[in-house]
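Take a look at the following structure, please.
We just call them A, B, C and D in the order they show up, numbering each chain from 1.
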Amino acid sequence: MKNQPPGHTGRHFLQIPGPTNVPDRVLQAIAFPTIDHRGPEFAELGKDVVAGMKRVFQTEGTVVIYPSSGTGAWEAALVNTLSPGDRVLMFETGHFATLWRQMATRLRLDIEFVPGDWRHGVDPAQVSEKLATDREHRVKAVCIVHNETSTGVTSRIPEIRAAIDRARHPALFMVDTISSLASIEYRHDEWGVDAVSDKAMAAAKTAKSVRSYWDWQAMQETGHTGFFPYTPATNLLFGLREALKMLLDEEGLPTVFQRHARHGEATRRAVKAWGLEVLCAEPREYSNSLTAVVVPEGHDADRVRDIILDGFDMSLGTGLGKMKGKIFRIGHLGHFNDLMLCGTLCGVEMGLHRSGIPHRAGGVAAALEFLGALDTA
Amino acid sequence: MKNQPPGHTGRHFLQIPGPTNVPDRVLQAIAFPTIDHRGPEFAELGKDVVAGMKRVFQTEGTVVIYPSSGTGAWEAALVNTLSPGDRVLMFETGHFATLWRQMATRLRLDIEFVPGDWRHGVDPAQVSEKLATDREHRVKAVCIVHNETSTGVTSRIPEIRAAIDRARHPALFMVDTISSLASIEYRHDEWGVDAVSDKAMAAAKTAKSVRSYWDWQAMQETGHTGFFPYTPATNLLFGLREALKMLLDEEGLPTVFQRHARHGEATRRAVKAWGLEVLCAEPREYSNSLTAVVVPEGHDADRVRDIILDGFDMSLGTGLGKMKGKIFRIGHLGHFNDLMLCGTLCGVEMGLHRSGIPHRAGGVAAALEFLGALDTA
Amino acid sequence: MKNQPPGHTGRHFLQIPGPTNVPDRVLQAIAFPTIDHRGPEFAELGKDVVAGMKRVFQTEGTVVIYPSSGTGAWEAALVNTLSPGDRVLMFETGHFATLWRQMATRLRLDIEFVPGDWRHGVDPAQVSEKLATDREHRVKAVCIVHNETSTGVTSRIPEIRAAIDRARHPALFMVDTISSLASIEYRHDEWGVDAVSDKAMAAAKTAKSVRSYWDWQAMQETGHTGFFPYTPATNLLFGLREALKMLLDEEGLPTVFQRHARHGEATRRAVKAWGLEVLCAEPREYSNSLTAVVVPEGHDADRVRDIILDGFDMSLGTGLGKMKGKIFRIGHLGHFNDLMLCGTLCGVEMGLHRSGIPHRAGGVAAALEFLGALDTA
Amino acid sequence: MKNQPPGHTGRHFLQIPGPTNVPDRVLQAIAFPTIDHRGPEFAELGKDVVAGMKRVFQTEGTVVIYPSSGTGAWEAALVNTLSPGDRVLMFETGHFATLWRQMATRLRLDIEFVPGDWRHGVDPAQVSEKLATDREHRVKAVCIVHNETSTGVTSRIPEIRAAIDRARHPALFMVDTISSLASIEYRHDEWGVDAVSDKAMAAAKTAKSVRSYWDWQAMQETGHTGFFPYTPATNLLFGLREALKMLLDEEGLPTVFQRHARHGEATRRAVKAWGLEVLCAEPREYSNSLTAVVVPEGHDADRVRDIILDGFDMSLGTGLGKMKGKIFRIGHLGHFNDLMLCGTLCGVEMGLHRSGIPHRAGGVAAALEFLGALDTA
């Protein structure tokens, strides 16, 4: 806030697809005075957040909480269950899938990286096919990014699970839920995801990857004792507890998912009305937490973003990796509502105009027609 | 926040014309630990806020700070300068002017209340005329609401000053700046306003109204010593200091005024595009801090407001006094920016639709055209 | 915090007898985003705080909440119930009783001010006697400061009530509870205090004092509707609601009173062990919210305070009015506990030493003996 | 705060040796709205905190910031510079040194763990001797905990550096500064510590340990660009920036160190006056950030801690590992001052009394004598 450019006032619109707008109540909670991480009050906190996260993941199994970004959780999933040289099946759905591959390489895994066009999710048929050819069960894990934050494409996890089952393949099934969790439906147990599952914990017993900080073994007691194996980020856990209360006890996960679906739909209608293209080519795979918009050839998406940031104090997501300059991404997830979305889409429409991007003007109008309809509330 | 209706999420849109959206930095400042109101740290605070308020009022004279709402400041202006039975000239510009009259009645002043239609500001010619007939100078004060918060009409203070001068009348000139200060230009010294001025302080020496809490005498030392005559609302002063820093040192008052003018214009363009009427009938008197919108006969403005509150989590101002049910008011002042205004106007447009108010749909589009133009930034 | 003198760190010890240490939760609550003061969420807030304040006052009657300091509540009590020229009986218990007298003078009441030595509370026998001589019932109100914040003396309200009753005198009974409320037992209804009571509200119907802002009439609806007659200080009410929750639902008033009694006793033991004198000369009237300590002749109490502020970052109360330089005051009220009191007393003991005040060193030790005993918890 | 046991009020005394009392300003800073971690405002933040941390470490070299606890930084130091099978020299100074050894084992290093009695720091002569016998330079790193948080013993880093140099041994020198940094003098460059140093970065080029999240390579750009290789914990960095301002620009590191020295000395005087033993057996190695107190044989230190937590709402550090039940630890570091220390020591003295621990009563008095003396300010 303190470095806000002169002339800017009011709330910044943080419409990157994460970190998202954080509720004031959560911000206040992370500002509570720190407590003794070995005392009885902390034990309650630790147990509460693990119990809440189980409800978010829709799992009865183990949940592990790190203070790291999702990158740390990826590493934990790989080093706890696999050994150097193990083969993993990965899919090039976008930038984050590519980064995960890079990490797996550093961890000396043997990666089969199935190429993709960054406009589709993982094809369940292809999963089935790849595994069917792996007669010797050399593939130890199938790694999927549920919601590709770089592209706005959501892979169909239950269909991929079915594909693995169809191939009768014993590989672990690992899913990155970084930008889908608590905004797009995700059912850990029902969909048979393994990181973390009993099957994954069993694999952890023989996995030979070197690990210490990320070791699940020490972490899995937290749900029972409330304590962590090393000094926890207590203040972040205060915030997590408040966020869980809002998500689970106040708004309720089904309403949260419905809200994101509504905002995704309104955004896509705006994009289409502008005459622009949504990056995601497969309607079944449209992401409800963000929408990547393709800028016409010969135009620079980052220039649009800069003009919007300077002129309207809104941050949009940049094109990552090979999408650099070709797309911008609109986050419509987190602590968000209809009028914040409207402000966001207005900012984009005015930004397109100011940047000279060829487009039609009715995007906001299309969104208003959808959001304002009497029977969609 | 805690009582937010189920299903609501994201930031509430507080678009009443005050209290306004408060910047996070100001909210954080009022949460600083309270300090000794007789210690050296407080003295700095007290002197800082008085000095800052002088810059906001554009005055070299005395500034008095109460923890009360503007109602208290009104009372202070009347009881410090007048005696029971004194004649004051007041104008029915709207609800707040009427309440001020009611207060003056309670304080046993002799009020001439010039009727008005709630759609115009005070007519300088009428002021001149009224005073010209007062040969014996029985009128002791002319009381004007600068920006009528109930109607969105801004009276032309410099022209009224000129009218008083033209009449060569010695009456005190009192101006209510509650919803104009720091959003619409106001020049206390240049415009010759008396509450508080040297002339008003001189009047205070002989004024016979009973007063204690509101007495200016005790208060006027604060600018020099930093201390208050009774226990101050320290935490609110922390907030005021931060707000002054933002207004004066960061955004700068001229930019603040320009921003409010821009948002007032965009809002009026939207209202006109909807085919609705702005309550203010005189373009020279359009308020830049709020816009009152007339709902067509046979429709209830409060029903529109309820539908917008329930459906889009936005609070709009109700019609006060005789405007009850006939208008709603859009606040576009305070800690505000283009995209917050856009969200606001989208909420109104959707609310008009849902309420079945006859209107055209292009209001938001008209605002976007204005705000998005390349040369208005 | 930002102006903290260089070299200072850690929490400031705010041991003036009000404003007191404010709980972090209350500070956070006053930093919630402001809401519409005419909306349904506010109505709940308004009703909640009035209901809570009734429990704090131990009354079934009307409670009126102003954003002002206690000075405003004093003025409200006088102008709502009395007419200029009415006789009131006041007692010189200290600086605040003297200020109240000064206010009554400004409000043109006819004051009988019974002199006092600032070391005793109001003598019930004297009340009885004064009223007994008033055969014509010219005295309209008896005004008592419950806990004299300038001296640390608590007048015995129930005994004074009995004295008024004994004299069969119809005067209103007004009590200032500014520094006793919610720290020292106060029973509004049981003790027959009138401001505000049905009897006081009846008096308000005929009282001729001029009033507007302070008028109870408009205010008394808040308990039913939750709304205020003029724009309320919403954020302060957020804080009040949180404070009420802590006082009434969590700690509980009886425990709060017991805690203050315990800390008062510990402090007085320390003062006596230092060989210094408590200003209050009557043990039955020792205040549990603050202790005024007499500095030996020839020494300046304010120098001690300065040395303690500079050396140990603790604010103590100064001697007010005719006690200037003769005493300092230790606040032991508010959001406070045993170890904060211990830190406070250690600061005083070291400050006495550094100032060269003749004293013995065992004050802290005496407090520890009392607080640390196994059976006082 | 919300789970505080009934009857507790006021500030909790968090006197564990970390996490410490966090300044309100830092808590407020971590509650600022999150910003775009790829935007220009973030770039300033990233560069600021790296520049500030260099001043804290007293280094011109690279600084790497993780959101993890110190455990993560340990792992980073080992995996970036060493290869499985590499020999490291470690010293059993206490529980954290033992945990570090455990981690090194998991990372498949070859550890020589020199036994210790948990009452002394690392003996420089022993370092010299161990290295002198390592003719083949098989030892790749010497790993030292600067301030053993489990024992309150501070090893003499410059003397150990000299010992390594005396042995003309090329091993890397790694120092854990978790509970010493910014409370006890630490000079990274002057003392020739290697994690991170140019020598360490050179070692990183050939080190074969598997690493991804902890990789320094990606991290070292942050000082130049302000950006992080994966999504950073933005809100924690807001807090870090505020803390750095307080430490470096307001109090100043030399004053911070002097303050901790003063509080360490006062605490040890109290312990000795109680007739109890400080765990640290070597006065040159007394820690200034915490003091471990030995409870007499036959008494349970954790019972003392429980009695103090229940009775006085203060958290003390438990005995870790083989010190379980034998000691308690008093943290006197962080956002702390004389009167907070006094409250702490009073709580300990009363707790010793309530627990029936044989001791003399004058501990607080001894601390007051030291802290209150005129010439120690």
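Simple rule for what comes next: a residue touches a chain if its C-beta (ideal position, glycine included) is under 8 Å from a C-beta of that chain, and two chains touch if they have at least 3 such contacts.
Fair warning: this is a prediction, and the values are worked out from it, not measured in the lab.
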Would you say B-C or B-D is joined by more C-beta pairs in contact? B-C
The A-D interface: which of C-D, B-C or A-C repeats it, judged by over half of the contact pairs being the same residue numbers? B-C
I'd like the Å distance between the centres of chain A and chain B, where a centre is the mean of that chain's Cα atoms. 45
Suppose each chain is reduced to the average of its Cα coordinates; what separation in Å results between chain B and chain D? 54
So what's the Cα centroid distance for chain B and chain C, whole Å? 35
Give the residues of chain D that touch two or more other chains, as numbers and ranges in rising order. 1, 4, 11, 21, 24, 28, 31-33
Okay, in this complex, where on chain C does chain B touch? 1, 3-4, 11-12, 14, 16, 18-22, 27-28, 30-39, 41, 44-45, 67-72, 75, 84, 103, 106-108, 209-215, 230-236, 309, 315, 318
Contact footprint of chain A on chain C as seen in their complex: 24, 28, 31-33
In the complex of these two chains, what residues of chain C are touching chain D? 1-2, 4, 6-11, 13, 21, 23-25, 246, 250-252, 255-256, 259, 311-314, 335-340, 342-344, 346-347, 349-350, 353-354, 361, 364-365, 368, 371-372, 374, 377
